[in-house]
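Look at the two complexes coming up: subunit A is in both, with subunit B in one and subunit C in the other.
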Partner chain A sequence: MMAAWRRLGASPWMFAGPAVAASIVFVWLPMASTLGLSFFDWSLLRQEATWRGLDHYRGTLANPDFHLALGNTGLYLAALIPLQVGIPLVLAFALVRVKAKTIGRLYRTALFAPSVLSFPVAAVVWLWLFNPTVGFLNTLGGSIGLAPQRWLSDPSLAIWSVIIVAFWKSFGLNLLIFLAALANVPTDVTEAARIDGTSAIRQAIDIELPLISPALFFALVTTIIVVLDEIVGAVDVLTEGGPYRTSSNLLYFLYERGFRHFQFGEAAAVAVLIAAIVASVTWAQFQFGERHVHYD
Partner chain B sequence: MSTTTDAVALPRRIAVDAAPTSAIVRRRTSQVALHAAFIAACAATLFPLLWMVRTAFAPSHDVFRATLSLWPDNATLGNFAAAFRLHPVGTWFVNSVVVAGAITLGKLALAVPAGFAFSVLSFRGRDAAFALVVGTMTVPYVITLLPTYVAVASIGLYDTLTGVIVPAVGHCGFVVFFLRQAFKALPRELFEAARIDGAGPWRQMLTIALPNIWGAVAAMAVLSFLGAWNLYLWPHLILDATEHKTLSIGLKLFATTGEQGGEWGPLMATALLAALPVVLLYLVAQRQLVSAFATSGIR
Partner chain C sequence: MSRAISRRPLILGAAALAAPAVLPRQSLGNDVKVDLVHLWSGADHPIQKLIKAFNDKGTGVTVVSRQDGTTYETITQKAMASIAAGRGPAMMTTGWKLGDFARKTLGAQDFRQIFGPERAEALLAKFRPQVRPLAAVSGVPIGLPWSMSTPVVYINQSLWAAAGLDPAAAPKTVEELYPMVRQLQEKTGKQGLCYEVNEWLPQAFIQNAGGDVIDADSKPAMDSAAAVKGIEAFVQPRRDNLWRVMTIPEMVAAFQAGAIGVMASSSARQSVVRSAAKFDLRLIQMPGLAGHPRRMNSGGNLLAVYSKVKEQQDGAYKFMEFVSSKEGFEIWLETGYLNVTTNDIPVRPGNEAAQAQMEGGLTSETIWPGARGLEALTVHIDWITKIVNGAVSVPEGLRSDREAVEKLVMA
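Take a look at the complex of A and B:
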């Protein structure tokens, strides 16, 4: 009896089982349920389902608010991908050329600091900087003769204010990714180029950039995750998607449909659409990666 | 071998001979320009944090005055006292510690044995099981949100910290992946010897493998803690009562319930309290964090 227990305790499934079970219960089953839920009308209170087929998908795709959220998500991506990949890339190339390594590490520490904060903390800090009457930005602007801006309540400005916060809060992650990749570039390669008299910029573009392309690829993925997923913490605190939904995005739209209006079936359809977009972007990146990324 | 070294070294000697001083001067000026650019970039990056700290310590009359001065006259702790008076900030802080601590421990409790099994032990179905766990990394968490919410609500865990913690622990794919890589790097002979000595798999894991991958475990602990401390949407959906909230979602309540013109001093004091643990953790464990991010990046 004891021996049987001991054999069971030593079974590999005692090690791997809990993680496998957790993955099934908390990821795979909910994923399948969301897919199922999207074909039904269902409410938490009545707990009875009515089959609706593809109605929620049709309704969502025809909903002008969904179009706005989709367009905004596109704008977030179009603005943040070049910012969050380009600027950290330039910073990383410059940082590896700083000769004083200790000071270089201090720069890295400072530049990454906002990235350890949460989106709501970052958003609250900026909420104060954006304050139209006594906030720092308008005070600074006023002191050099600029008109005060309604950073968060001007419909043409609000989404850009959220973009500023998102960039500030998350560019450091991509910087770290690039620095780690550059640290793996063999020094004899860069040394040889330097001795050949290659300029620093040519060296960065022609030699280092191709060698770190897997990191570039990964930075693109982290940026897309920021926009489709994490940015909601900033949107909710800064603007609640407003004014007039001009800073809303797909996840915020889902949040409104599911948890403000409790249209679970409809929200499930939105979740499936978001996941489909994420999956297709990842797939497109993979295709791109297969052809252009150097893995070695 | 020596000929190639000469071939590489030769042009350098010529270059140095040809333009000794101007090259060095050029290199020095470019270093000065680099430092100037980085000091400006760091100042701009840190400024919003400085402004948060400044406001957190500013007396209330100073906050309502549009100012550009970097530090208030008569700095005070009054905003912290006011924050605790206005909202249950202390409770929010404890809730955040409980949620982040429990999620971190839970993820490690699942991922350490799983990572060990997927690297050191061999058994039927191992590859399929591994794919099932690590495959979760590709699933956007939005698609799990609604059913998990319904499940949590229907077993009576709505508005409880347990309801926030348990489902979050399940998203441990990356931790398993990372720890498996660390276990895999250990030499197999280490375990062979222990097996001959009659050590079972649990003892092999706890006394031989774990002490050798302590850095990787620390990296995952820090990363999980940061992630859990910063959770927003999920606790926002599950927690309802004011005194059940975590700091992240309490901040939103704080920011939106203040009177117009707001309690900016107390709000910034609360933001500082929310930022402090993660910033300190980052400063202390920077090496582990960087290694964790690096692995996730170069994969």
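Take a look at the complex of A and C:
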């Protein structure tokens, strides 16, 4: 082993060095600093730190707003993963079977278009649609006799409004991933199945789905990241986590602690807890999800 | 393709490149650059006109506009990071509610120390005596009290008249206003009323009922009997289905579209509302509560100096002198803020109600004390929102609010 390393000389270090240095400076050192900071009360300006031990962790874990943000994060995941993975998957199976190429392209473009927007921009568009008095959704609902809804200010609806926007904005990317994967399914396999009289549904479930499972797993991993992370832009623009934290999530809770209330020690503790939660979810994904993926 | 370079172009090029380093600094312009961090967007916003008018005077100071966010909290957060990095703003518009934080944490400068007592007094003397304490923290003047607004009632005069209401009626109390709103809603089919759900408008109701959000001893007092009465009056139209609760941007958009008859909001929102409204707009003073003396509140921001560099502090002084002048303040009043100076400037059309409300006396915006004051403010808004949504009764909600806020401000 050592001899092999010696034979390679400095080359591995030269190739890997810049990437390793960047990850140390931009990932590992900030993570270590955050961990350290979580044990102190710290002011950005005075640069003074007061030792607080595990107080910030105890305080955060006992904070009802943290529990609410944690529960909401679970709800966002539970609602958006099936929506953002399941619906694009079904649509992709349908779209590859559209024979008319122009219509197929038109559908793909229309469905993918919202994905090019950033979350805050998408949210601004929806602010107008959600307006309880002059918004399109209530106008449409009113025309069929539905009562007007307070999409963003009703505590039981606000989180679902954010979910609608997140779904609309993000599902196009997964659709594109599935379409690309389905395009790579060998035609001789599907042709053989068709000649054998396999129905389109059986063909999709038993042949195409296993063949695109790496893409499915990739979409699942990235969707979880989007739901845990990027959705915060939509939360901020649409509801600011309200009304009374009912649409907040863990990352928004962290943002509020750190950058609205300027409690950096507490925010660091929240960041460490979020990192632990995300690491657990990712571990579970690879532990239980990847075994169903066929890379052959 | 190759191209030879002769000696002359080579020398000229080298000279052009070396000139900035060799020539005296004065030849490139020696204006002191003073940046002003604010939260107003738009190239035609009065802040840009104000800065341009000052810079055009050629005083040797150039003010640089820096919009760092759209809320006081956001610009404060960014200022905090830039101060920590050693590149803090020279001047920043600082929300009054953040005055305590600005002084104790961000290091907003004491005008008497940086300008000298006499120059500081000369500058502040241009402002009315009743507003000067609003820009001071524990008696220390840390800013120019230049931007003042107050809650007023916006009336869609077209709907008001269509409902058969007296076009000149200006209800003095909410007990007079609410039946009129009911009539408007029933006659026009439009939503009668909308209030802002935040900490500011409810403060007006609490004070007008004789209570306080935070009392003179800096103790939370939002669950006093008077405060409960004030908030009961605040939520009454929601119970009576005259008010469909919505976010502030939704409320403004719906009012501009002519879908709401009456809206209570900041007088500083007037220019924005007026710009898009296609109906006759009338502003009246915020009604009080029957049987109680009026005690309306104000809000806004002060212009504070954060730079510790003498040259920039002097530059900021020159700009503030201009801002306080009649010429400067005439430009600033285009925002919808009130004339808080001693300059004799005619009241802008539409601003009469807010100006009259100020002449009647205004209290300050609630200042949230302690290191966790900003968190206490969030908690307070959450409880007010719960009450407005009917998730909790007014006395119970305000009691829980007081208990939660107490823990934070006493921490």
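Keep this in mind: the second predicted complex is superposed on the first by the 271 of 296 C-alpha atoms of A that agree within 3 Å, B and C clash if a C-alpha of one lies under 4 Å from a C-alpha of the other, contacts with A are read in each partner's own complex, and residues count from 1 in each chain.
Here is the rule we use: a residue touches a chain if its C-beta (ideal position, glycine included) is under 8 Å from a C-beta of that chain, and two chains touch if they have at least 3 such contacts.
Note that the structure is a prediction, hence the values are computed from the model and not measured.
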Open item on the list: Quick check on the subunit A-based superposition: subunit B and subunit C, clash or fit?
Closed with: clash
Open item on the list: Under the stated touch criterion, which partner chain does A:152 make contact with: subunit B (first), subunit C (second), both, or neither?
Closed with: second
- [ ] Examine A:48 and indicate which partner it touches, taking first as subunit B and second as subunit C; both and neither are also allowed.
- [x] neither
Open item on the list: With both complexes overlaid on chain A, does A:132 touch subunit B (first), subunit C (second), both or neither?
Closed with: second
- [ ] Would you sort A:259 into first (subunit B), second (subunit C), both or neither based on which partner it touches?
- [x] both
Open item on the list: If you tally the residues of subunit A touched by each partner, is the higher count for subunit B or for subunit C?
Closed with: B
Task: Superposition clash, subunit B versus subunit C, among 20-28, 128-136 or 236-244 - done: 236-244
Open item on the list: Going by the contact definition given at the top, which residues of subunit A touch subunit B in one complex and subunit C in the other?
Closed with: 44, 127-128, 131, 133-134, 259
Task: Residue ranges of subunit C in contact with subunit A within the complex - done: 73, 77, 80-81, 83-84, 101, 105-107, 191, 197, 244-247, 249-250, 253-254, 257, 259-260, 372, 374-375, 378, 382-383, 385-386, 389, 391
Task: Touching residues (chain side subunit A, partner subunit C) in the complex - done: 43-45, 47, 127-128, 130-135, 148, 150, 152-155, 239, 242-245, 256, 259-263
- [ ] Under the touch definition given earlier, write down the residues of subunit A that touch subunit B in their complex.
- [x] 6, 9-16, 18-20, 22-31, 33-35, 37, 44, 91, 94-95, 97-100, 103, 106-107, 109-114, 116-122, 124-129, 131, 133-134, 136, 138-140, 142-143, 168, 173, 176-177, 180-181, 183-184, 192, 195-197, 200, 214-215, 218-219, 228-230, 232-233, 236-237, 251, 254-255, 258-259, 264, 267-268, 271-272, 274-275, 278-279, 282
TODO: Name, in rising order, each residue of subunit B that touches subunit A in their complex.
DONE: 8, 11-12, 15, 30-31, 34-35, 37-38, 41-42, 45-46, 48-49, 51-52, 55, 63-68, 109-111, 113-114, 116-118, 121-123, 126, 129-130, 132-133, 135-136, 138-151, 153, 166-167, 169-173, 176, 200-202, 205, 226, 229-233, 236-237, 248-249, 251-252, 254-255, 261-262, 264, 267-268, 271, 274-275, 278-279, 281-283, 286, 290, 293-294, 296-299
